[in-house]
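Handing you this structure, nothing more for now.
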Amino acid sequence: MALTREQIAMRVARELQDGFYVNLGIGIPTLVANYVPSGMEVMLQSENGLLGMGPYPTEAQVDADMINAGKETVTAVTGAAIFSSAESFAMIRGGHVDLTVLGAFEVDVSGNIASYMIPGKLVKGMGGAMDLVAGAQNIVVTMTHADKHGNSKLLEQCTLPLTGVNCINKIVTDLAVIEIKDGAFHLIERAPGVSVEEIQQKTAGKLVVSGEVPEMAFD
Amino acid sequence: MAGFDKVVKTYEEAMAGLEDGMTVIAGGFGLCGIPEGLIAQIKNMGTKDLTFVSNNCGVDDFGLGILLAEKQIKKMISSYVGENAEFERQFLAGELEVELTPQGTLAEKMRAGGAGIPAFFTATGFGTPVAEGKETRQFNGRDYVLEESITGDFAIVRAWKADRYGNCIYRDTAMNFNPMAATAGKITVVEAEEIVEPGELKPTEIHTPGIYVNRVIQGSFEKRIERLTLRQ
Amino acid sequence: MAGFDKVVKTYEEAMAGLEDGMTVIAGGFGLCGIPEGLIAQIKNMGTKDLTFVSNNCGVDDFGLGILLAEKQIKKMISSYVGENAEFERQFLAGELEVELTPQGTLAEKMRAGGAGIPAFFTATGFGTPVAEGKETRQFNGRDYVLEESITGDFAIVRAWKADRYGNCIYRDTAMNFNPMAATAGKITVVEAEEIVEPGELKPTEIHTPGIYVNRVIQGSFEKRIERLTLRQ
Amino acid sequence: MALTREQIAMRVARELQDGFYVNLGIGIPTLVANYVPSGMEVMLQSENGLLGMGPYPTEAQVDADMINAGKETVTAVTGAAIFSSAESFAMIRGGHVDLTVLGAFEVDVSGNIASYMIPGKLVKGMGGAMDLVAGAQNIVVTMTHADKHGNSKLLEQCTLPLTGVNCINKIVTDLAVIEIKDGAFHLIERAPGVSVEEIQQKTAGKLVVSGEVPEMAFD
C-alpha cells in the first residue's frame, strides 16, 4: 500500500533530531510538524522571518502581521525570534538550518531537484526554494514516486528546469525512502506491502538495492 | 523641514518626485507589511512604466495589484508572483516583464544595494535558469553565482512606529523586506502606523536607523489577510 | 543538554573542543563588549597557535592582550592593533602575524561568513595595500575589490541578556562586532551578563536569534574602560 | 597667521548643512562638533555603531558600554540609534553619511589620500578610515599644510601607502581651503594674513589660483 500524505509526514518526522531547526515547505512538509516524536523539541523556521513558528491561531489570536512563508496566519512559540527576510536567508544560506523538507516535481541520481517551473505553464516563481536547497545542511524531498500517469519522478536526469544541483540526499515518497549517493538512488525502506520490484519499476534513475529492504512500520 | 524632522503631512509630499520609468523598491511579503497608502498614492498619481522590486505583486484588488490594474507597472523583480488573474493576463500578453529572483537573493540584493556592495557570490541558483548569463566561480570546492545588488529611485516602506527622525521599528512578521527596502532607495518613504517623538524608541531596539529615511508619513491600514488559517 | 537549552555551567564546558591552531572570531571593540571570561578560559586552557579575528587585540593586561602575553596567538586579523607593548614586541620580532583589514570590510567579512556568502565586492581599499593580490572590477564605472568572507572554528561573544535558547540582545555600543561574530563560528559561545528564560526577550527585539548560538554561559565582567573622557 | 586647531575646526564647520549626518575622525575633526552653527542640527555617526553621538558623559553618566570609535566614553542624544558595526559600515559604505571629516599625512592632486601608515614605523592599522573615504558623499581632510620640516603635504602624487584613491575633494589646512578637481588643487580661501605666495610655496602639487582669493574671517 502506498503511504498516505500523513504517513509520508510521519516517516519524515523520524529524520528529526532533538534540538533541530527545521524549515518545512508547503503541503506534505507542513504536516511533519504534527508528528514530532514526543520528548523531542524542534524549532520551525519560516523564511519570511520567523524562528519558532507555532500552531495556527485561534480566532482571537489572528493577527495580519503574523504570517508564515505560505502567507498563512500563524503564532509564535515562547522564545521565538522575528527578523528581516535578509537575516532569515542569512540563516538559511549560511547553513544554520538543520533540516529542510520540501516537495518536488523531479529528483535525479545526481541529487538535482526540479520543483518550481513547468515550461509552458505560467511561472509563478521559486520563492525561497532555491535558497533553501542551496543552504540547508540536510534536505528531505517529499513527493509521490510517480505522477498520475505512472511516470517516475526519480530520474537519471531531471527534465524540468532545476531548482538546485547536487543538493538532495534523501527522498521520502509514497512508496519508499531513497538515499542519493555515488550517482544512484539507494533503496533504504519500502512502504508496507510495496515490493522492491514495484519500486524498481517506478524508479527511472539507477536504483541500488542492497540485501533485504526493511518495510516501514507505523503504529 | 528643518533639522531631522522628516514627517510630511500629505501623501502628495510623501511621493513627490516619483516619475515615469523609475524603479521603486517596496517592502512587504504577500499582503503583510505593505505600505498601503503609498501604493494608493502611486495609483492616484498615475505614474507609468514603473519597475517594482518587491517579493510579490499583491492580489487583484489589493497591494501592488492595484497598480497592475492601471497598467502602471512595466517590470516586476520578484520571487513569487501570479496570485492574481490580471498579472497572469498581462504577463502572457507580453505587457509585463518579470525577473524572477530567489527570495533570499532578492533580500540580499536589496541589503547589498543599501550597503554599497555592488555584487556578491551565492550558491543559490547555481546550475538553474537563475544563473544563466551570470558569472560562476568556485570557493572551497563549491560553486557560486555572482549576483548584483539593487537600488531604487524610491523605496516605500511600512513601519509600525517611526519617530520624527525616521528611526523605525516593525511589528512581528510585517518586518520581512521592509528593513532592506528602507536602505536601498535614493528617496526612502516610510508609512508608519504610529509616529512617535525621538527618544520613545530605545536606541538598541531600532530596526531601521533614521539615516536611511527621507520622509515619514502617518498611515492607516486595512491589513488584509491573504490566507486566514485557524487552529482546528 | 536537551532540546534548545544551551546553558552550560562551567567555562570548561563553554570552550570545550578548542584546539591548537584553530581560528576564533571574537566580538568586541577595544575593551568594550568583549567576552572576558571566555578569553580568560582560553588563557587557562593554554591553547596555542590560535588565529584571532577581532577588530582589536586588547591592551597589555586585558582583553586578548592576556593571550599575547602567553604567546597563544599566532595571527591577528584586525583593523587596528598595537594598543599594547607586547603586541609591538612580538610583531617586530616576527613572532606574530598580522592581517590588517579595514574595519567595515572586517565586519562585512564576518557577516558574509555567517550568511553563506563566500565573497563580495567593496570599494573600500581599492588602490591601497589592502587590495594587493585581490581581484578588482568595475561596476557602474567605479572600482571595487573582491573580499572573501571569514568563518571561525569558534566564535566568542558577549551579550547583555541571553535566553536559554541562545537568543541574545546587546547593551548599547557593546554590541559592535558581537552580532556578526555570533553568526560566523562553527561553535558559537555566548557569555551573557544575564541569562533569562525564553519569552523574556521580545521576538522583534532579539539581535541574535538562537539558531546561531551553541552554548550560553553566565559571565561576570570587569568592563574596564580604555579611554575615560568626561564632560568639561 | 596660520589657523589654530580650533580655527581649522571652525572653518570646517561651515561645510555643515542642516540635517547632515556627519562622521568626525580623531583629533581636529572631533573639535568640529563644538562649532556647529546655531540653529543648525547635525547628527554625529560613530563607526563602532552609534548614530546620534552626544557629548562626553558626566562622571555619573560614564558607562563602559557607551563609547565612540575613538574608544572614548560618550553619551547618546535623544533619538539616537545603536547598531552593529556591520550595520554601521553598511551606512558608511552605502553612501548614507553626508560628510566625513578626517586627518591625513598626505593628499594629492588626484584626490588620493595617505593617512594610516608610515613605512618603517609600526603599522597600527587603518581602522575605519578606508571605509570612510570610500563611502562618504563628501570628505573634508584637515591637516597642516606642511610638516614640521616645512615639507608640503599637498603633493602631485602621494608617497605613502594610500588610504583611498580619487576620493578627496576638499582640504582645510592651517593656511588655506583647497578644492581638488581636474587633477589640481584649487585655492579657495586663505588664512588671515597668509599670502597666496606662501600657500603656493608650501603646495608641492599643481595649485590653481583664480582671481582674488578671499581671506577667511573669524568672529
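Order of writing sets the labels: A, B, C and D. Residues in every chain begin at 1.
Heads up, the rule we're going with is that a contact is a pair of C-beta atoms (placed from the backbone, for glycine too) under 8 Å apart; a residue touches a chain by one contact, two chains touch by 3 or more.
Predicted, not measured: the structure shown is a model, and the values here were computed from it.
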| item | value |
| --- | --- |
| Common touching chains of chain C and chain A | B |
| Between chain A and chain D, centroid-to-centroid distance (C-alpha), Å | 55 |
| Separation of mean Cα positions, chain D and chain B [Å, integer] | 35 |
| Distance from the mean Cα position of chain D to that of chain C, given in whole angstrom | 29 |
| Where chain C touches two or more other chains, by residue | 108, 111, 115-117, 122-123, 171-172, 175, 203-204, 207 |
| For chain D, residues contacting two or more additional chains | 50, 76, 82-83, 89-90, 92-93, 134-135 |
| Touch-based graph of the chains, sorted into line, ring, star, complete or other | other |
| Pairwise chain contacts, counting only pairs that touch as defined | A-B, A-C, B-C, B-D, C-D |
| Touch list for chain B against partner chain C, complex | 108, 112, 115-123, 139-140, 142, 144, 148, 169-172, 175, 203-205, 207 |
| Touching residues (chain side chain C, partner chain D) in the complex | 29-33, 55, 78-82, 88, 91-92, 98, 100, 102-105, 107-108, 110-111, 122-130, 143, 171-180, 207, 223-232 |
| Residue ranges of chain D touching chain B (in the complex, touch as defined) | 18-19, 21, 40-41, 43, 45, 50-52, 76, 78-83, 87, 89-97, 134-135 |
| Chain C residues within the chain A interface of the complex | 1-4, 111, 113-117, 163-165, 167, 183, 198-199, 203-204, 206, 209-212 |
| Sites on chain D touched by chain C in the complex | 46-50, 55-59, 62-68, 70-74, 76, 82-86, 88-90, 92-93, 112, 117, 122-131, 134-135, 161-166 |
